[in-house]
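Each in structure tokens, the structures are laid out below.
Both complexes below contain chain A, partnered by chain B and then by chain C.
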Partner chain A sequence: MRRYFKLLGIYARMDLASLMRDGRFMALVIASDLVSNISAVSGIFLLAWKFGGIGGMDRFEVLFMLAYGNVVMGFLNMMGGCNALFPSRIIGRGQWEHMFIMPLPYGVQLTVGIFPFTGSSTFLSGVGLLIAALCNLERDFAWWWWGLLVLLPAVSMVIVVSCSYLLSSLAFYAPVQCEEISSTVVYSVERAMTFPLSGMPAYVRYPLLTIFPAGLAACLPTMILLGKTTLSESLYFPLFTFFAAFTAAHFFKKGFRYYVKKGINRYVSGGHRS
Partner chain B sequence: MYPADTALRRPAVAVESVTKVFTQWRRKEGARGLFRQQKTTVAALEGVSFRIGRGEFAAYAGPNGAGKSTTMKLLAGMLQPTEGRISVLGMSPEKDRIRLMRRLGVLFGNRTELWWDHPVIQSFEWKKVVWDIPDQVYERNLDRMRELLELDGILNTFARELSLGQRMRADLAMMLLHSPELVLLDEPTLGLDVVAKRQMIEFLKKINREDGVTILVTSHDMDDLEEMARRILMISKGKLAYDGDFEGLRRLTGNSTVFTVTTDGRRPVLEGCRLLSEQHGVFEFEADLSCTPIRLLMEMLSRIDGIRDVEIRRAPIEQVIAQLYQTWRKDEGQTL
Partner chain C sequence: MKIENRKSQHRKVSHERIRLGKKVFAKYGMTALMSLRARTNGGLVYLVPEVFMRLVYLVPLLFIWRTLAEGGAEVEMSVPQLLSYTYVNALAADMMIVNTCLSSWDFDTRSMEMFTRPMPVFGQVIARTAGEWVPMLLLFSLPMLLLAPAFGIRILPRTLWAVPSLFLSVSLGFAFEFIFYCITVRLRNVSWPTYVIRSAVVSFFSGTVIPFRILPFGMDRWIRYQPFGSLGGAFLAVYVGSADAAEVLPVQLFWNVMIWIAAVRWFRRSRERMVSFGG
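Coming up: the complex of A and B.
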């Protein structure tokens, strides 16, 4: 564990060094990122404000959901600095070859490459919006609710990561063609997660809770936190997450075995570039 | 003791009957090719076996597409063999990857391990943490690399701003920071100018001689390889075609010698010798010493009028190798 924190520390130091190299420029980048993140959620929030809420959620409950989504994606962006959130890029660009020669388990390599300074703008805007939403919800939360507020975003992160890794496993078979598949998946989830699904017809709601589970990245867990779900709906969330994580891990490992056993850039027509 | 004897007793690398097959899709000719592709297999390595002893400096050579980089990737655990067994420093690259990487250094000339947007020293510090190098070892190695590879001027330069030669020096230093026992170098002199190449060769010879680091190096520059290594393994079409010293390789192609004769302009006629070039009275010949011994050659030369100078030298290894490659291609053509 001490070693793990040491590794996190060196990546954090390197990120800080990048930030400090041109402080004024980086301050501008972070400030514009913050503005851009808040603008991205403001459309739905303004609609909720105008109509007094959307799909059974009042305006600050909608803000709470938007903030939740920003916290989830912001934390993932911050922790997945070295493309850990986009493994198909690592494969497509031939960067896995750098990982082979590092004396660390792959899981550790993928989770220590953090960008806590330059990649924190979405997370910070999410936390800001969350505080604003909580202050306006006018509810008394039990002590265990605060535990859920930490736990459920973590489960949502597993959903996003699982989607990314599941589709990225295709990159082991066609590295060049699938290089950007993870970013397509993650950005699609990011866009779709900010819309309240409650009140939507079943043919929209169910696909977004199963085949393309963007609804599990923000909407459903928010409803659980707000106490607006049944027990079975609440249980579905962790069970589906477990299933998604297990499936993603299985197919990713299978693809990885194929890659080291059969793949090489020179011989495969869609082999990684470099 | 011949290096191969050491290799048998204490191998740093043991490759036993290794075959590596890749599958490849090929488009068929004609309109049907748009819809149907043919699956073919390519054997990059076929039943290759060799051993490299600890402390050896071995060259691994072969024409383009012979299987050099595939072998390097197999040894570094980046690929797994289709058949056969590989042991590196007594470990399996597949099963003991993490343990092995602490003792192995890998450098591919066409890619860098340096952090592109950070100063070189930052990459070194990153490596110290990732490889968990003790402070004392890190400081000692860093001081040594600074001196031997003249790094002082570039340690605080961003990797993206380095010239190719500087980048290679920085990469080499970074690779050696954890004191690897075995070093795998794939085309380390690729694109380097004469000075940078010289510096690198001298450095590699030094760490092999003084620290006993085992080195396996591939290069297209055969003269570089001959200067660095004592043993050469040659691979052709995925098979090991030669394993021995460079003199043996020369004998394989007929023990040829190249000599230059300077005359007053007259072309000397030398039986059994092949004229390679002719320019302003300077004639370059090639002779097979196994057919035309040096004594006979000197006798012939002494009988010729108008000779001003004679220079005899060994056939450059480049020429020997080129001859070998041509023979292999011819053999392959005949087989086809």
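Coming up: the complex of A and C.
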């Protein structure tokens, strides 16, 4: 554990060094991320503003949902910078074999590559939007609500990571074709999570809460936090997360067993990737 | 005699031109075919996730319009117009906001390949990108086009002016690609910020996701005149009849001329600053 935090510190220092080396350039990178985040949420929020809300959520409830999504994805991007969020890239590029020779467990190798300075803009903009939404929600929140506000984004993160790892297990079987499958999944969740699902018909809402659970990354937990769900809906969220994490772990391990037997052949003798 | 000579000479010149035209077409056609094959070299089945993801994005967006309409909201566009707008945007997504290898991440400096081939870069980029569009047009757009009536979506354009409008928005999309590529070159090939800013700015200011007509604070009065407004959003507005072609097309034409001049000039200047990393 001590070694783990030491490694986190090393990565954080390296990230700080990259920020300090060329501050002007890194400021541009951070600014570009901020523009991107604000632009990503502005479309739906402007719609909500114009029509006084969407699907049973008022303007600032919609903003709260968008901010929640930004916090979830921002934290994942910040902590999973070294492709930990996109394992199919590591597998597809034959880089998992590099991890064999490192004297650290895979979990540690994957999670220590953080970018707390240069990769935090999405998270910070999410926190900013969250504060703006909370200031305008005009509600009194119980003391335990604040604990829920920390816990539920963590559960949503498990959902996103599970989806990414579940589909990434295909990269063990087809490394070239599935190299970018995790980015397809993660970016699609990121885009679809901005939709307020409340008010939509069941045949649209349910697939987005089960088969492709983008609704669990922002919409449903937001509704739970706003007290707009039934008890069964509130319980469904952690139960489904547990199921998704278990399924992802099972199939990822199965794929990995196949991989250690067959390996992949992305590198030709000259050292170039095919 | 003289007339016959002239005629045969004229015929010769025409044949020569046709031969040259065929050669040029074959050259660019082959480039397009190469990129089409590159996109599908893993087999068509590997494009299925992308098709699925496009559907995942399209369906909820369609229902947002229905939800707003059912909620009694007063929208400047009719629900059928909004549905057609979103649907056509999804079908022609690649053309609405043109993405080429120039402004994508370019982490493996693929754009540098362009300069090693004996063909103009502009033509290569266009041919290559057009080739990349084909698989999704066949796998996603065509089936969805045929299915549109089943969803109750009007798919026919309100006016045939939509055709030149589409051409102008695609053309402008390519011009912007070269502009953004020049920015990447100026940033020493670090394409991430360019890519992010480009995606963010273009997706909102192009009006492809949320039509300008329904934006609040009277934004529609000015936002349509900015250069990104002549991309996919302008075409979609003409297509569904929410904007007058006589107003939209001159603006599109103006921005095409301006941005292409800027793109060509800046690209010529930026070529000398290009850096390539191997490996």
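For the reader, a short list of remarks on this structure follows.
Rule of thumb we're sticking to: the second predicted complex is superposed on the first by the 265 of 274 C-alpha atoms of A that agree within 3 Å, B and C clash if a C-alpha of one lies under 4 Å from a C-alpha of the other, contacts with A are read in each partner's own complex, and residues count from 1 in each chain.
The rule we apply is simple: a contact is a pair of C-beta atoms (placed from the backbone, for glycine too) under 8 Å apart; a residue touches a chain by one contact, two chains touch by 3 or more.
Just so it is clear, the model here is predicted, and its values are computed rather than measured.
Partners chain B and chain C fit side by side in the overlay (superposition on chain A). In the overlay built on the shared chain, the residue A:Lys261 is in contact with chain B alone; chain C does not reach it. Contacts of A:Leu134 after superposition: neither chain B nor chain C is touched. Once chain A of one complex is fitted onto chain A of the other, the partner contacts of A:Ala249 are absent, as it touches neither chain B nor chain C. When the two complexes are overlaid on their common chain A, residue A:Phe100 makes contact with chain B while staying clear of chain C. Once the two complexes are overlaid on the shared chain, A:Leu151 sits clear of chain B and of chain C alike. Once the two complexes are laid over each other on the shared chain, residue contacts for A:Pro201 go to chain C alone; chain B is not touched.
The partner that reaches more residues of chain A, of the two candidates chain B and chain C, is C. Centres of mass aside, this uses C-alpha centres: at chain A, the angle toward chain B and chain C in the superposed model is 90 degrees, to the nearest 10. Applying the stated contact rule after C-alpha superposition, one finds that A:Ser18 touches chain B and leaves chain C untouched. Think of it this way: put the two complexes on top of each other by chain A, and the tightest Cα contact between chain B and chain C is 9 Å.
Note: no residue of chain A belongs to the chain B contact set and to the chain C contact set alike, using the contact criterion stated above.
Those residues of chain A that touch chain C in the complex are listed here as 25, 28-29, 32-33, 35-40, 42-43, 46-47, 49-52, 54-55, 167, 174, 176-178, 181, 184-185, 188, 191-192, 195-197, 199-201, 204, 208, 212, 214.
Those residues of chain A that touch chain B in the complex are listed here as 3, 6-7, 9-10, 14, 17-18, 94, 97-98, 100-105, 260-262, 264, 266-269, 274. Chain C contributes residues 42-43, 46, 49-50, 52-53, 56-57, 59-61, 63-64, 67-68, 71, 73, 75, 187, 190, 192-194, 196-197, 199-201, 203-204, 209-210, 214-216, 219 to its touches with chain A in the complex.
Those residues of chain B lying in contact with chain A across their complex are 22-25, 42, 44, 69-70, 73, 76-80, 82, 94, 97-99, 101-102, 104, 106, 108, 111, 113, 115, 117-118, 122, 125-126, 129-132.
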